[in-house]
Every structure is written in structure tokens, then in C-alpha cells.
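Consider the two complexes below, in which chain A is the common component and chain B and chain C are the respective partners.
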Partner chain A sequence: MDTGTGNITAGIDIGSITAKAVLLRNGEIAGTCVRFTGYNAKNAGRAVFDELLKEAGIAKEHVSVVVSTGYGRKAVDFADKAITEITCHGAGAWFMDPEVRFVIDVGGQDSKVMRLDENGKVVDFAMNDKCAAGTGRFLEVMARAMEADLDDFGVLSLSGEPARISSICTVFAESEVISLIAAGASRENIVSGIHEAAASRISAMAKRVGVAVPVMMTGGVAKNRGMIVALENKLGVSLIVSSYAQVNGALGAALLASRMG
Partner chain B sequence: MMNQYLETLDIFRGISENPYEYGKSIKEVAGKPVIGYFCTYAPEELIHAAGALPFRILGTTGAIERAESHLQSYCCALVRGGLEDALTGRLGFLDGAVFPHTCDSIQRLSDIWRLNAGFGIHIDAVLPVKLNAPSAHKYMADVLHKAVRDLEHALGKTITEEAIAASVSVYNRMRRSLLSLYSMIDRNPGVMAPDAMYHILRAVMVMEREDAASRLEALVRVLEENAAPAEKSDRKRILLAGGICSHPDICRILHESGADVVSDDLCTGLRYADGLIDETERPVEALAKRNLGRMVCPAKHLSVTARGENLFAEVTRKRVDGVIFLQLKFCDPHAFDYPYLKDRLHRENVASMLLEIDQQPPPEGQLRTRFETFVEML
Partner chain C sequence: MSDHSKVNADAGKDPGKIRSVSRLKEIMTHYYIDAKTARDNSKKVAWITSGGPVEPLIAMDVIPVYPENHGAMVGASKMGVDLCRQAEVMGYSPDLCSYARADIACAVTQGGPIGGLPEPDFLVCCNNICGTVLKWYEVAARHFKVPLFILDTPFIHGEMTEEARRYVMSQVEEYIGFLEKQCGRKMDYDRMDEVGRLSVEGLRLWQAVLDTAAHKPSPITAFDAFFHLALIVTLRGTQVAVDYYKELLDEMHERLEQGIAVVPGEKYRLLWDNLPVWYRTNWLSEKFASHHACLVADTYTSAWSGILPLIDENRFLESMSVSYSSVYINISHDRMIDKLREMIEKYDADGLVMHSNRSCKPYSLGQYDLQKMVMDQLGIPSLIIEADMVDERHFAESQIETRIDAFMETL
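On to the complex of A and B.
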């Protein structure tokens, strides 16, 4: 059993699909955990924290500050403070690479872009507030329509020439995909077109805020190689993806917690 | 004190939340003609002088169905919603409407309204667009004189200069009190409930103006006599800029996110209150002068930089930490001004965020995230 020496803080990010938790000890990542949020954000927060502590072998009382974030941030009743996921993703990106000046966070329910100053502080941001297009959910719906496994979906897109998908509404885009299937378009081309459609929504939002390099992509969708490539093509810059991309919000929350202690 | 404040606020809030009930009661109980209008450049002092109630239309709270067959979906919710309520009879208590020449959509709405809404009274007030032209004052005064004649003809009565002067005086009383309330929220943003100011403004735009003026004066008095001094706080000070604040609840959510609205550049805000009318001049000429000198809206031209300079001056004057642009979806004049205004603020290191609003308020969860992020950013 770890005795929990040093300054230990935790960040808990309750997203629409997954709950993430990160432990920081003396400025270093001491553990991460991801699980499904389910319908009860409050329980998800407790469960992901307990699991993380167990895996890291750290006792709860040794964690000095807990910061919650994500859409369910207010439901984490044991957190010392709730901070929005936009601020946390900025901090998390800065932790991974202090040179980063722009973050694209694509989660399950929404996508966000933010420009950072040299301290990782958000100076401008935008959030998609129209529909599911350009979110993880859009890709999930499309993967289902294409009978593709979500993990292979992005890779599949890399081998195709993007088919044209003009609808910006997820439901209409799905029916467009079905029409493309009926018309005999290849699976790879359709999947590639789906990624391009989602990327063009996100890049338009990024350009409104003003892209500054280097750019980091975070959030669960950063695991999708096809989205990274499609976004790089749209923006004309390469994207940094850290191995902690999915837990980046929780990481930022843990970092901000360490500054509070 | 609290009781009098709360009672007065309840009256304003009740009318703001249910303006049509109020309009109907004025028509039925007071037997007064009710004339609708869509923007603050409408000559409402003249409507008032004609013995009618000027009634601001702010879109609909219901679903938009019938208006869709007359207007493109890329017209703003204010225009589509107003037409919807006219076509469905929700605005049946109106005797007619006055359409000032402002944005393209309002002008086209005037034609569609005249042909389809079936009200007896329909007046266009074709105001000058360039307010800095040498002929602008004469032009504006001529248009207002014509509006007097049009109203006289439509309502079958004479509007005397004395009646206009009396209306001017009522409007000045009302605007003076509104400006006092703005000074108070500047000094102490917590002096009233967070959503109070915009409920008050929405209410006074439809209320019997003498009643509105008296109630505002009473409210100012009560607050001045009893308001506790502002507590020191690290809460952020926000200015709202844009067209209409159709959802005063936004201010409550912003308040809960750690910031307070201390000023605005809104049509249902300071642009309505700004600019007292000179009571020593002949009233129509004085009204024309106010229209040229008040805070300008993007559908009018005062100078290339007037709106940006005015916005930045207000930001400085009120020690504003950040500006939130409340943009009604599909409102061209505001959308065209936005990039320049944002740049103007950016040059002075004033942070801003854009919030697009529609007929329905944005989902509260997302709104909170954006407001909280903005407050964290400041």
C-alpha cells in the first residue's frame, strides 16, 4: 500500500459517455481511469474515483484537493471545486506540452475549440451548440449505419476517397449514407466521407476562433486516427495527440487542483 | 422597503412574461387603441400623443408555423414570430402597427403584414439611414411630421403640439428613471435580482407609459433610500451587446456563473433608455434630434466607427471585464458588425464571447458551461 506521500490531487471529468479520473502526485501522473458514465453522473464520479484510488493504491485521505469537470461536474459532490471542461482541457494540454496554443476537444456530446496563452489559460473559445454533427456521437451513429466497429472506423476511412456528404444534420447525414450504400459507393469511401463531413464542421469552428500552432487534439475522438487525418487536411496543420488525450480534461482538473492546494 | 420593491418588480415581471394579456386588458378595459411596433426607432412618443398604446412586439413564445409560408427560414425569430402571432390572432388586440425603416427583414415584414395580417392601421416610417448627413435632421423631422399626419388620419383625431410635448415629458420621466437604474446596477450589480432589469425594460415597452413612469420613479426612490452599499466582490462585470434580450433568464444563469450584467448595448436595453428629449424645443424637432443622437443601432449609420467607439467607451466607463454578444440568429445587421466590434475590443484586451440566441433559450447546461468558462477566462 502506497503511503500517499507528496502532494496528491485528483481531477474527475464526467463526460456524456465516459467518466475519467486522473491522479497527480508532485506534478506527475500517478494514475488514470476511464469508465462509462451511465445514467447517474453522481455514482459515476464516485465509482471512477474509487477505482482509480484502488488501482493506484492510494488512500482517499491522502488526496488533498479534488476538482471536477465535464457536463456532470456539479454532480461530483465530494469535489472541492467544479471547473469547466474548456478551462481544464486548456490546462491539461499545457501540462502535456507547454508550447501548445490551440486545443480541439471532441467529445461524445459536443466539440470545443480553445486558444491558449503561454500559461495554458484559455483566451478564446467556441463550443458547438447546434447539433450532433462534429461530435463523437455523430461518428457512433455512422459507425453503426456502416456496421463498423468504432475502433476500426477511423482506420477504415484512411483507405478511401471521401464520398460527398452534404447534410449537416446527423439524421439526414445518416439517410445520405444509406443512399450512398444503395448507390453502390464503396464502404471505405463512405466512411472517409463521414470523417471529412465531421472534420469540416470542427475546422469551421476552429477557424472562427483563429487557429494558433501548435495544435493539440484531445477528447475521446482523438483516439480515432481517421478524424486526426481529416482534421489535419482541413486545417493544414499537424495535430499533436498525447497518449492521455481521452483523460486530458481530468488531467487539467488535477493540475488546477494542485495549484489550489 | 423590500415589499415595495418586490411588489413593483412582480408587476414588471408579470407584464414582461405575459405582455399579450396586458395589451388585451388595455384594449378591453381602457378601450384604448393599441399600436404594435418592432424597434426602438418607431415614433412611439407620437403614438402615445395620439392617445394610443405603443406596444413592442418581441417575437412569439409559441411554435412558428403559419409565418413559414410567408417568410424564408433565414429571417430572424423576431420577424417570423411577430408575423406568426399576427396571423394566428394572438395579436388580435392590436389596431395596427408602425414599421420604421430599419433592417431589410422589418421592411419586407411590413409588406407581408399589410397584405396578410388584416389590421386596420398600417404605417411605414421611412427614416433616414445616414444619421450624420447634413440633411438628416430635416429628413428625420419631416418623416416624424408625416407620421403625425398618418396617425391622425388612421385614428381619426388631431394630435396637438401640446399633446406631443406632454408625451415627451412622460418619456423623459421614464428614461430618466431607467438611466438611474442603470447607474445603480453599475454601482451595485446586486441591487436588484439578476434578471430584473430586462424584465423591467420589456415591460415598460408595452405598458401604459404614465403608469410605467410612475412605477419606475417609485422603484428608483425605494432603491435609492434603502439599498445597502455594494459589497466588495471579485465577481466579473459583464456588458451585453446585440439586438434584443428575449430571455432575461440568461442574466440569472450568468449570475449563478459568477458574473453580473452592469450595462448593455441592446435594443431592449440602454438603446431604448439613452437620449433624453429636449423639452425646450418644439417637440417633433426635439424628437428628431434624439433619434439622431441616441446610441446607434447597426441598421443605422452614424459613422464608420461610432458603434465600436461607443461600445469601448461604455466598457471603460462601467469597468467592464468582458462583453457577451447576444446575437439573434439570422440578424444580418448585428452579424455584419460583430467581427469589427470583436476586433475593436480585442485591440484593447477586452475579452468577448458570442452567444447566438433564437426564439427558444439555449439549453441551460451548455449555456452554463460557456458562461462559466468565460468567467474563468476573465
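On to the complex of A and C.
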């Protein structure tokens, strides 16, 4: 569809913590938007879309196709199609770098790994199951226990020697952290240990699917430098961090939407 | 990947319900009434594990009752969480098999969908399906103060050795002696031969029903098979089961002739591994059907008939030692992958869905290895769903939904 403004499509990713939206115009990113999901996924989808359109100065009727993704994908009632975050993250990573063959996405409530073919199609994947260990939520809980700002949390981990945290359960790991604090372990070492514990969990899942290079890291947790380093150490490969890491799922959704138009 | 141009011309046509369902319900109701009123009719009741050799019981006119079939009923009636919790209150670990927890709770409280199973006169436990049954049956033996017979089948790594065969055979002889003592009379071996023949006939008919799924489009899904399996488990070796499966097979042939697709517009054909998620069979069935995916076969319902090639119907008791030892979850991964290969080829499957069942460790252990072998050797993608057969607390709907949707997107 050509409205004089080019072919415009949108991707909307409703995650457990944030709602993300991306506009693509003629194969270029024309705008991104992130806001908290809150308790109403349906409203979050509308709000993030409206805000994005306003910021980009594009009228709703000029958007030809909308694809929704994320755990709240079915709540986006104005979307033309719902596609899982697995497929969308693969497409988003491929858009950023078509050479990428493996994606590690760590979001608020899940972490997932995907192996891609040369077209960005997912060949195999794995997701964490019924457990918050190795997710953004795990890091949030731990940052709170350590009274650290989430933004500084990763950097803090880089200056420590990882303390041993053996539990894979977020709740039990928090108890372990509290015991370590009581035992007088340094803050840096504990934070470093937390990152290593999460990275162990994610890297085991990645190895199960079979890591192929180059590897891209996406999702909100890609903002955490400590996690990137911990994962690189565990996997023995360097990670490409998408400059659109947090909105990668929405970006993939917008890209898949452009192929439907 | 197989040819997907097989989309049925009748796409959208309602396949309708399988007629035989009502007949099966009727038979199962009578079966449980007979079992519950056994004492009034001077009949003995034996509890037996699902993979146990039931034929000698039938030959001795004992009514076999299956705590595992009962567990499946608990799951399907969505009563699992409550009963499992009751067992946990008694002190049983939440990590214990949910069939065992639900059944133990029912035995004590007379709860569950049928107010508890009829009390056993004795128990028969065969460990070809798992090790949990040993402790579970010991608990039941203590609770009901009844004798327990344990038939120990060694794990089959490659071929069954002659020593192992003799070891199991000697136990089969002990088993007959045990039954004779419990029933106070001798085994009628002519009757035993007859029961053996009926068992084989029932299993052959059941396998023929399952085989109709090789047709494209398939007239039956694994979700149907989970239900129709009931008589192979409970009434194997009886004329009732033979008659029923004849009827069901006729109905499947009718469906084939009419070109009825159980999943309208069948596009993908998948295999299922492990026990059903009993409380979510409808949800899962609809979920896969929404992707035009038909679960054409599974390793579970075919486990009973899978041992057919090892049974000699003319020497039933003797061949029983090998056949009962060689059930699907008592064999090595190499043999499991052979079975999977055979099924993938026979049913022309496009993918494999594995239920990693928290309750059933022997079935779930090694699924990641099997998944890798299936991909590497057969090029078939697979999906692992983490859940439990009875305990709904282990089923996370939105996570499972995302996995299924994503898997279907990759096919």
C-alpha cells in the first residue's frame, strides 16, 4: 500500500514488564516506543501504539499492517496478526544483522535462545520454564536485595570475583545472597556471583540448542553490561548487542508485518 | 519434510464425534460397577500396574483394577490438585508421581471421581513401567493389609539375555502359584490359552485402529486414542475388549471411506511422546487443531500393542517374560529411537511433541537426548512441553501456548 508516505508497518510487543512498539517505513526504522505494561495488556498495546504514532507524526490509517507479539500478543485487538516472540526476535535480529545465526533474548519474565537460518527463520529454540532464574526479574529481585540501582547493577558485577550462588531458584537464591551479606562477602563479589548464576542458566539452554556464530543478545537485559560479559565468558564467544535490543521483538513483528502487506 | 499439499478437500467439514465413545463409557461404567460389587458376587479384586501381566488374573476370574487408570480419571475430572494436596498433607512429597499421590489420597479418603477404588484382595505390581510402583504398592499393601506379588522385569539395554528371560519366567511361574493360593484353586491352562488369544486379538485390533492414522487425512488423533485405550489397559484378554475394538475399527474404516479428517484441513502431522496431560486434552487438541496439526500417533497408546511381535499366542505364558519386559519405557534409548523412527515413517510425521512429565521420570528422562537424536538422524524437529499428567499446578498455559505457537511457526 502506498499512501504517499511509503509502506508503513508496526510491531507491538507486550512483555511482562514493558510494552514496546516499532514503526517501519520502507524498510527503515521510523520510530520506537517503550512504556510500562501495567496490569492491562490491552490498554498498554493501544497506548504504546498511539504514543509511537504521535512521536513519529504518522497517522494511524497510514499504517498498513500491525503485528503483535509477546506474552500479551492476543490482547492487542487491533493487530492484523499475532506472532510469537520467538519468531519475531529471530526476524528482528536478522533485520539488524543478517549474518546473525543465534539470538539470546532475556526479557522480564523469560529468557529464550533461538538458532536462525540464513533468512532469519527460527530453526530451533528453547525457553526457560516456570522459573524466573535467568530472567530480568531475577536480576531485579537481586538488585533490590543488594540495594543497587538496576542501571549500575551490571557494571558493579565487573569489578568483583563471583561469589558462589548455587540455587537455581530466584527465591532461594535471594536467601543465599542474604546469607552471603551476613557472612561479610563484598558487594561486588555477590553481584558478580548473581550475574554468573543467571548466565550459567542461560548458557546451558543455549548450548542445548547449539550455539552458532555470530550471536546477538536482545531484550531489556542486553542493557546490562555485566550479563553480556558473564555470558561471553560462559559461552566463549563474543556477543553482538543490538542497538535496538529492548524493542527487538517489536522490530521483528514490524518486519514480518511488512512482508504481509 | 513431507508433502503439505495433502490439505483435505473437505477442509472445514465437521468430523463429528466418534460414535463408539458412548459404548466405551457404558463398558467402563459396567466394569467399575462389577469391580465395586465384586464382594457381593463372591469375586476377587486385584489391583495391578498398567503394564502388568493381567491375563492370568482374567483366566482366574479375578477382576483387575488399575490405580493408574483411576489416576487418569482423576486427572481428566480435574480433581488431581486437591487429591495430590491431600497426599502431601499425609506427608508424601510433591515430587512423587501424581498418579500415586492421587490414588493414595483416594484410598484413604474414598474421594475422587468414583469414591475410591474397590478394596483389593491382593496386589500385583510389575516394575516394567517404573520403580515408583514398588513403593506405591507396598503402601497399598500395608494400608489394606493384603498380600503383594512383585514381578521384577530387568531393564532391557540391547537384546534380552537368556538369563534375564529365565529370571522373569521363573517369576511368572511363581505368579501363577501366588494366584492359585489367593483364589484357592488351580489355574485352568485351557482357559489361560483362550485369554492369551483374546489378549493378542484385542491388541491386534487396537494396533489396527491406531494404524488408520497413517491415512491422510487421519480419521483419529492421539487425543482420541488416549480415551479409547481404556479397554486395552483394563479389559485386555476379554471378549468385551475384542468386540469393542472390532466396532471401533469398523467405525474408523467408515471414516476413511467417507474421507473424514479428524482435524479439518489437516496440514501437519505430529507425534506425541509420554502420557497425556489428562486435565488439558481438550485444550491441547484444540490448540493443535487451530494450527491444522493432527497428532497422528504417540508412544504411549502404542506401548501395549508395541510388544505384539514378541508375543507368541500359542505359547502365551512363556513369551510373556520377554514381551512384558520389553515395553517402551523399559528399553534403551537406542531401541526407543528405533521405535520413533518406525512411527515417524509409518505415520509420515512432520514433528515430535514431547511431554516432559514431572510425574513420570522413567518416561521423561532422556527426552532431550531423544530430541537431539530425532533431529540429527531423522531431521524431524521437536518441541518439549513441561507439564504433569494429573497435577495441574505444573501446567503454565501461556508459556505452553507460546511454545506450541512458536513451534508451529517454525514448521
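Structural remarks
Just so we're on the same page, the second predicted complex is superposed on the first by the 256 of 261 C-alpha atoms of A that agree within 3 Å, B and C clash if a C-alpha of one lies under 4 Å from a C-alpha of the other, contacts with A are read in each partner's own complex, and residues count from 1 in each chain.
In this text, contacts are C-beta pairs under 8 Å (C-beta built on N, C-alpha and C of every residue); 3 or more make two chains touch, one makes a residue touch a chain.
Computed from a predicted model, the values in this text were never measured in an experiment.
Partners chain B and chain C, once the complexes are superposed on chain A, run into each other and clash.
Legend: residue contacts after superposition of the two complexes on their common chain; A:125 is shown touching both chain B and chain C.
Contacts of A:22 after superposition on the shared chain: neither chain B nor chain C is touched. Once chain A of one complex is fitted onto chain A of the other, the partner contacts of A:87 extend to both chain B and chain C. Across the two superposed structures, the residue set of chain A contacted by chain B and also by chain C is 71, 83-87, 110, 121-125, 127, 129. Listed in rising order, the residues of chain B touching chain A in the complex are 351, 353-354, 356, 362-363, 365-366, 369-370, 372-373, 376-377.
Residues 368, 375, 381, 386, 394, 396, 398-399, 402-403, 405-406, 409-410 of chain C are the ones that touch chain A when the two sit in their complex. Taken in their complex, chain A has these residues touching chain B: 71, 83-87, 110, 121-127, 129. Per the touch definition, chain A reaches chain C in the complex via residues 71, 83-87, 110, 121-125, 127, 129-130, 208.
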